[in-house]
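You will see two complexes here that share subunit A, one where it goes with subunit B and one where it goes with subunit C.
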Partner chain A sequence: MSNETASEGVMVTINGMEISVQPGDLVIDAAERAGAHIPRFCYHPRMSSVGVCRQCLVDIDTGRGPGLQPSCMVPVSEGMVVDTESEGVKRVQEGILELLLINHPLDCPVCDKGGECPLQDQTLTFGPVESRFIEEKRHYEKPIAISDLVYLDRERCVLCDRCTRFAREVAGDPLIHFMQRGNQTQVLTFPDDPFNSYFSGNTVQICPVGALTAKPYRFRARPWDLSEVESTCTTCSVGCRINVQSSRGELLRYQGVDIDSVNHGWLCDKGRFGFEAVNSDERLGTPFVRSDSNPDELVGTDWNTALEAAASALKAASGSSVGVIGGARLSNENAYAWSKFARTVLSTDNVDAQLGDGLCAEMVMSLPRATIDDAATADHVLLLAPDLKEELPVLYLRLRGASQGSTKLIELAPAPTGLTRYTSAAHGYRPGEMGQALDELLGGATGDAMRSGRTVVVIGRPSLADSPGEVEAAVGVAQRLLPEATFLPALRRGNVLGALDMGLAPGVLPGRIANDGSSQAWIDTHWGSIPTERGMDTIAMLEAAASGRLHTLLLIGADPLADVPDRDLVERAFAGVAKIVAVDTFATASVKRADVVLPTTAFAESGGTTTNLEGRISTLGRMVTGPGTVRDDWTIAAELAWRLDADLGLESLPGIWAEIEAVAPSHARCSPSMLSADSEGVLVPLPVVAVPEPDEIADDDADTSEADTSEAEVDEEQAEGAAAVVEAPSVPASVSWSAPALVDPPAVDGYALRLVARRRLYDAAVHTSQASSLAALADDSTLRVHPAELGSLGVESGSRINVTTARATIVLQVTADESVPRGVASMGFNQPGISAAELIDHREPVTEIRIETR
Partner chain B sequence: MGMLDYVRGFKVTFERLFDERVTTEYPKEKRPKPERFHGRHVLNRHEDGMEKCIGCELCAGVCPAKCIYVRGSDNPVEDPVSPGERFGFVYEINYLRCIHCDMCVEACPTQAITESKLFEFSFTNRSDAIYTKSELVVDDEGKPRKQPWELWHEGDDLNTSGWMRATSSAGRVEYEGVVGWSGELGHGVRSPEVGQSATASSEEGA
Partner chain C sequence: MAAQSDETQMSFFTTENRRLADVIVARYPKRRSATIPLLHLAQEQHGWICDDAMIEIADLVDATPAEVKGTGTFYEMFKFHPVGKYVVNICGTMSCKLMGADELMNHAEQKLGVAVGETTEDGLFTLEHAECQAACTEAPTLQVNYRHEYRVTTDDFDRLVDDLTAGRRDGDIPAHGTLARIRQEIPANRAVGAVPPEEVDGPPAWLPQEGA
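Now for the complex of A and B:
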């Protein structure tokens, strides 16, 4: 205990030892810090205390003599004397456990919790030797499925209120409750409502007995079989910390790790059960090349043949006629390898990690970045984002939690989202008019309130049916009217921010620097000469391909057919391009169109690092070996480079990271020891520590992650010879971005509805469809329209209708939904059987659809 | 040295000539094994034919030689393999590693795994040394299944040693001897042995 805390703390005596603790701390936590573990079932540090299990009773003396009080309910006070080991405490601990075990079945050998069960462990440590109860135990029907993922065994339940409290307080899905009274009390769902929560897996992890078990892990292994490694979930870009557990070379379970800055121990079910996709039998295990005799067929081959085919496809293209799409699913090291490969070997700047469904890379990098904690503690959070509950579920949890405190959420969305009910104000806008709506909103009293406090703006694509320019213009408005605000980019793919940081975007080089000639001296010393002409982004590449100007397309874990919001463009591009080389883990729709397919490692099959949406870099753990002969992306890149008569100079993952540290100015000084020291990860760029003159550091706000993004300052510092930076050429300026002006919204077509297409958590993408437990959860393949609109069109809810745009006519089921605003139709972007991409024309600012009965 | 000395040299021989013979014609003839003899394992079944193994992996967890591999699975409701929710889906013992310590037998909560008194096997390849469930589970009469590489005689399979627990779960001396072994072939109860404390006190007394 440092002197600092001692001076402001409260002095309490725990088991005869006097210690200083923070005022407001609970006795149970204070005792833990003093080295006295108090047994508990209901207490969970991330949820409110309820004191229902009575297991944590200890002797607390506040001057009126010792008495038994639940230590999870009592905050410390000055002079408090706590005894956790008195005779009375021992008797009560034994008594409570004996009572809990009256009805708890002793089926530990078949229980998934057996071996890691708090009830088992605490009974062994604190419990009675023998029970006096010889009566038959209470019996309930053995496990009942309360959702598609979770089983409930009520016999084992000790009524600690953890799962029900989690559902109510943390997830906001109060679908499980205590029912009945007295001896009949039990946890149950409502009769017709299963526990369909995106966060149901957390209840399994926090259940202190085996009452809640997860279907994907049911009877798969015992705790002592498992070996584990700490890693970071890359299902979305939130970057939840997890323990990856495997047995006999097979992934079996992910458990949330509690870190303060990101996930608080929680995970979404898609992340938690996503290991099934890694284990899938459909994984690509060998390379494939298109058959000479039958062009419709991909035939398995060896690496030598496939790499030779890939190299010749790339050799046939020049720098301007090759395009590299993808990389947002890779580790930083792999993304760096591809970025270097594209620039130095392919001599092209046509690289993009985003698939036309993201945001402008320069904008994301140049905006002052907020952290998740910043958002969760801000006075106001302005949501210009997609449905966070669907796309970044744990960020949703954090913001939902913040909204229960003093943080006000203000949403601007074309249709309600999962967070709408927790906002203090939710504003709608007609698709296409986001900038104008924001201008109006921030110009008024709401804007004044937001300007007076600390505001975080969450930015993303509220609808993939609208052009990204609309969001960029709106961000410009937010920047102009909220000059103090910081921004949290709500981009979805696992390591999309890391890929952008590694230079997988046109005009951007590793370390958030611009590839516009200004950084030439810097990059020359590291990479040699590279083209400085700005390349094309994904949409531009696809357009070039469609018009025959692109010879070879290299897809790195990208499925443009599913993800680019313009299916027609992708179809034309694939038809127009001579060769497609795909590096992927699954045979996605796009991979099936490729000429050469190179299989690669998936999550937990390779190490490295990943970057979350805050710019937090954390480590990935390697736990299992991939199927067949899969290789890491960076080895494929190195191998291809060698066949193209070049040498990437990359030899190992730590070696690549060392190179990233040297090449990427934003990642300078972020050493592997810093990364491995702390589960919390490292936020880059690190605050500048060079201290030649004190007045220089005053410019750097060490609290913001974008400490050195103001370009001019950095340049000046370097010119003055700041000691922090190693190399002779000065560190180039960070990328800059200027917001486009607001354009007039497109004219409203009175006969059409404007489409809002948003991704759902469980969709038709491989991460869901290849995970057997999750695949069935992807539903909602309908178009949602306000009932009044349906009434005026004379269409019945539930009927199948023709949906027509200039691009295509597709048949959809329509559902009346009062939450959808009038004039708008809402659908999932990529649900089984339907794809909004077929309807969308990327050149149009909005997507207008017409509904006709069939 | 007289003639008598020569005869005296045969004294022991003549004395033993009419004693009971100890040499047996092994392997044609076998001596009875001690009660606690540890031979190869069997997986027992209940009298109704259901397997006793519930796939809990406690045997695998306790095995010092790491020779047991078990995986559990959901018991099919229509055609259950064992009573309860879970059954042993995979059960393998590698006899190139097994040291016959009987810890698995002590760990088993359902008396599913016991050791028979069969020990004579000669494998010609490694995969034969890995006994799988189909080889370990007893037949309909509760007797071990004979493998081609095992040497048995009539009746050798009648003894399966049975389940035993040395001490009570809490390790208290007064439980010693209270919990007995199960009978042969995993059925019934065998009367308790004298516990360690009883032995110790009788030694002290002597």
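Now for the complex of A and C:
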């Protein structure tokens, strides 16, 4: 951002100081950079200027003499003279504040905002000493709930239009609006139509007074009692930057941090209020083992007993008869520890951080990766993804924002998504025919348009009811027909990309290298010898378990029963293994089936780093201590190793990171100092610096933090990198992948509907169900079908019906929904009380369902 | 987001008004521009603007009901609560006040048996206070459904109420909300054909063009 030279700047004089500023800059920003802070209420740098509060009036002279103008509305111009401190400016600042305070209740002692309130602060700095207003102030009923999460005290509102502008411009959910404009202007929702936006919490953060408060934080703390640390949200893989705040050892609030590359300061409500799940009373605080006397019971025990039990369960399994599932919820360091543990201690390559999510690690790693910014500034974004609004909410915000500019979104989806209304073209396809539909789409004019500009393809699994192979074949089509395109993987789990980078995928070792002969020399020097025959992915492990070929399953933060799109397979797998060891934070459905349960730390209870879907690594902050005797995953792995007569050689989080830098080629030279230098994080792999190629380094693909690194640091890192290269065998090449061929689509069964099963933001998983404010928001436990389809079946909307597949028959409520295409039925994958996983057979290319009245 | 589309839901507009609504929407390059005309149409049909009307309008103009209500509530002459068939506004600004507006209001309250701001039980009259009605030379004035009555005495007021109740003024004072009793329909081929603002590429046609 700041890389542009000032040579083309505009010369302006601010408070007597002549400076050069960027053309187009607003006076309010230019003055800020010149060290003159202008008070403001309505202006927000991530939203359009509206100039409604008048607090930012300053003297601006463009040759006709100074005059008061709103600095948030006026761009700089050559020769402009700005005075932010004149007598006139001071008078108007006092006057506006006195006006705003006329009806303001001044209930600061009982207001959540007190202590961090722009109105309070600016009154102190710029305001009048006394008010002349002695009349009765205006009163409103206080507070009113404008949604399940946000409360509004109208009498505190200064009508700055930030919340309403955010709802309209940024979130695209204009459910709050100024009403009764005039003397009674107030922010309101339409009756019985609450502000149910996935992004509602942002309005609380940007409200410059205490008018909007969040239910989970209301009256919980005063700002001066909060401690905070910067971190990265790991609820999904967008990786929004946040401040984690706590008081007296309890998490109380997350606030968005504005970074250019990812979240612009915004968060989704699931991420923002997810701290409630960390604080949940249901957290596991002690280890459990299955009772000898009553096999249906898990009994609490001490770590020694539990670790012994876990070690003996793992010892009984040999390399190929143990499977390790999960790890996508962990930090990079913890994921690395498990990856090393699996390979070097358990001697197995049966590891997978994904639970049948549909994008194999090799594919994700070998496609040319796009950043979020690349997508938001591309000419075209092709969406071959699940519903991003539901799965990666802030990515949805960024793409929605891009669609309001010059980026065209083109969607190919089996049913409409949250982004559909913002696309320039939305194409449907019958489940099972994605590749063919894409081939047709890209072969035509749409493809020509995309080939002539910069195109980013967002890839993910559009429906969990179809075979994942379909996605891979479709990506092959995209690669063939859009040879210049870059790809943004829409994998959802918090640190799934980090886990894959750490080698938690079969056949892949830390640093995106293949676990085959080619990397043997390299890994031998770091880890000693490990098995090189390719292991199984999650589905294959479960199949092996179901047929009795696995002895022990190690679940690390994984709940296959709820998450794998084939419930029956998981049931058979769990029945087929001798032992299950689970390392987790909650007693999920799967954990309840384990023989040994080891409780682990959750978000904000451990440090380390995480990696988002772009490959951006950023730091995690530790703020609180976990419940009971929970331990970090890496210490559990190290303990287990020790009990299995091995030594992982891991002693601390920084130590693990140093090892990652040395072992994982994609992470080489990504030093802790680089990571802590900048909130933006570091994109890996870093551009090659050993061979000076000026063009490439100056390329704006290079991450800003990299560009900011001082020369001395670069030199030092270069030296480190070089040293590592001298000692070790040559760095193995990255994994490769080639797309499977398109398969013929399955024949259409005229009597059945094809199921589209997609995750919703608020679902039955612990992130929602354990967060008390969010749990009630998980709804939509219905099957959605086009009304005409229902009509021909003679089924009434709202009735309960039998839904049958080859796997199972379950009872669901059906809702008529015109947005669902004919021939398709759509449902949330894992909503309270219903689970699409029960209906799905992972071997089938599509899931055909039949509907019958009961 | 707002009301789920539900086939069984009754529509607010009558069939004829729904047809009219579509005609109105089609007049504008942006659907949203039809918000105010449709609010008028709703008030004409129903006498005041109810939530169902706004939900349907929101759907027609591709906005949320909150946006429709936010826009509508700016305007004093849109009513968002039930009002009588006749809305009587008595001016209380300077000239009228000097010429007896307070006494007139007092009398009106007695005559109608309601306080200012209320509606009679039979649903016929809503009594309101108004600021200047731009007829100071004719003070005191009032309006019935925004039709002026000048130099109103208490006797005049009683007569007005009796005439309205008996339907003797139906010819010149239609029910509240009525915009016009004759509606012009412009066939599509004779409409202005306004272009969306962002597609405007030249100066307005009526400006003298250079070289012309």
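As a working rule, the second predicted complex is superposed on the first by the 811 of 854 C-alpha atoms of A that agree within 3 Å, B and C clash if a C-alpha of one lies under 4 Å from a C-alpha of the other, contacts with A are read in each partner's own complex, and residues count from 1 in each chain.
The rule we apply is simple: a residue touches a chain if its C-beta (ideal position, glycine included) is under 8 Å from a C-beta of that chain, and two chains touch if they have at least 3 such contacts.
Computed from a predicted structure; not experimentally measured.
Of the two partner chains placed by superposition, only subunit B is touched by A:114; subunit C is not.
With both structures placed on the common chain, the touch criterion links A:132 to neither subunit B nor subunit C. In the superposed model, A:143 makes contact with subunit B only, not with subunit C.
In the superposed model, A:854 makes contact with neither subunit B nor subunit C. The partner of subunit A that touches more of its residues, comparing subunit B with subunit C, is C. Within the superposed three-chain model, A:222 lies in touch with subunit B and out of touch with subunit C [touch as defined at top]. Contacts of A:64 after superposition on the shared chain: neither subunit B nor subunit C is touched. No residue of subunit A contacts both subunit B in one complex and subunit C in the other. If you check the complex, the residues on subunit A that touch subunit B are 107, 109-110, 114-115, 129-130, 142-143, 218-222, 224-225. If you check the complex, the residues on subunit B that touch subunit A are 54-58, 60-61, 71-74, 84-86, 109-110, 170, 172. Chain contact summary for the complex, subunit A toward subunit C: residues 173-182, 188-193, 196, 787, 797, 815-818. Of all residues in subunit C, only 1-8, 51, 54-55, 63-70, 73-74 touch subunit A in the complex they form.
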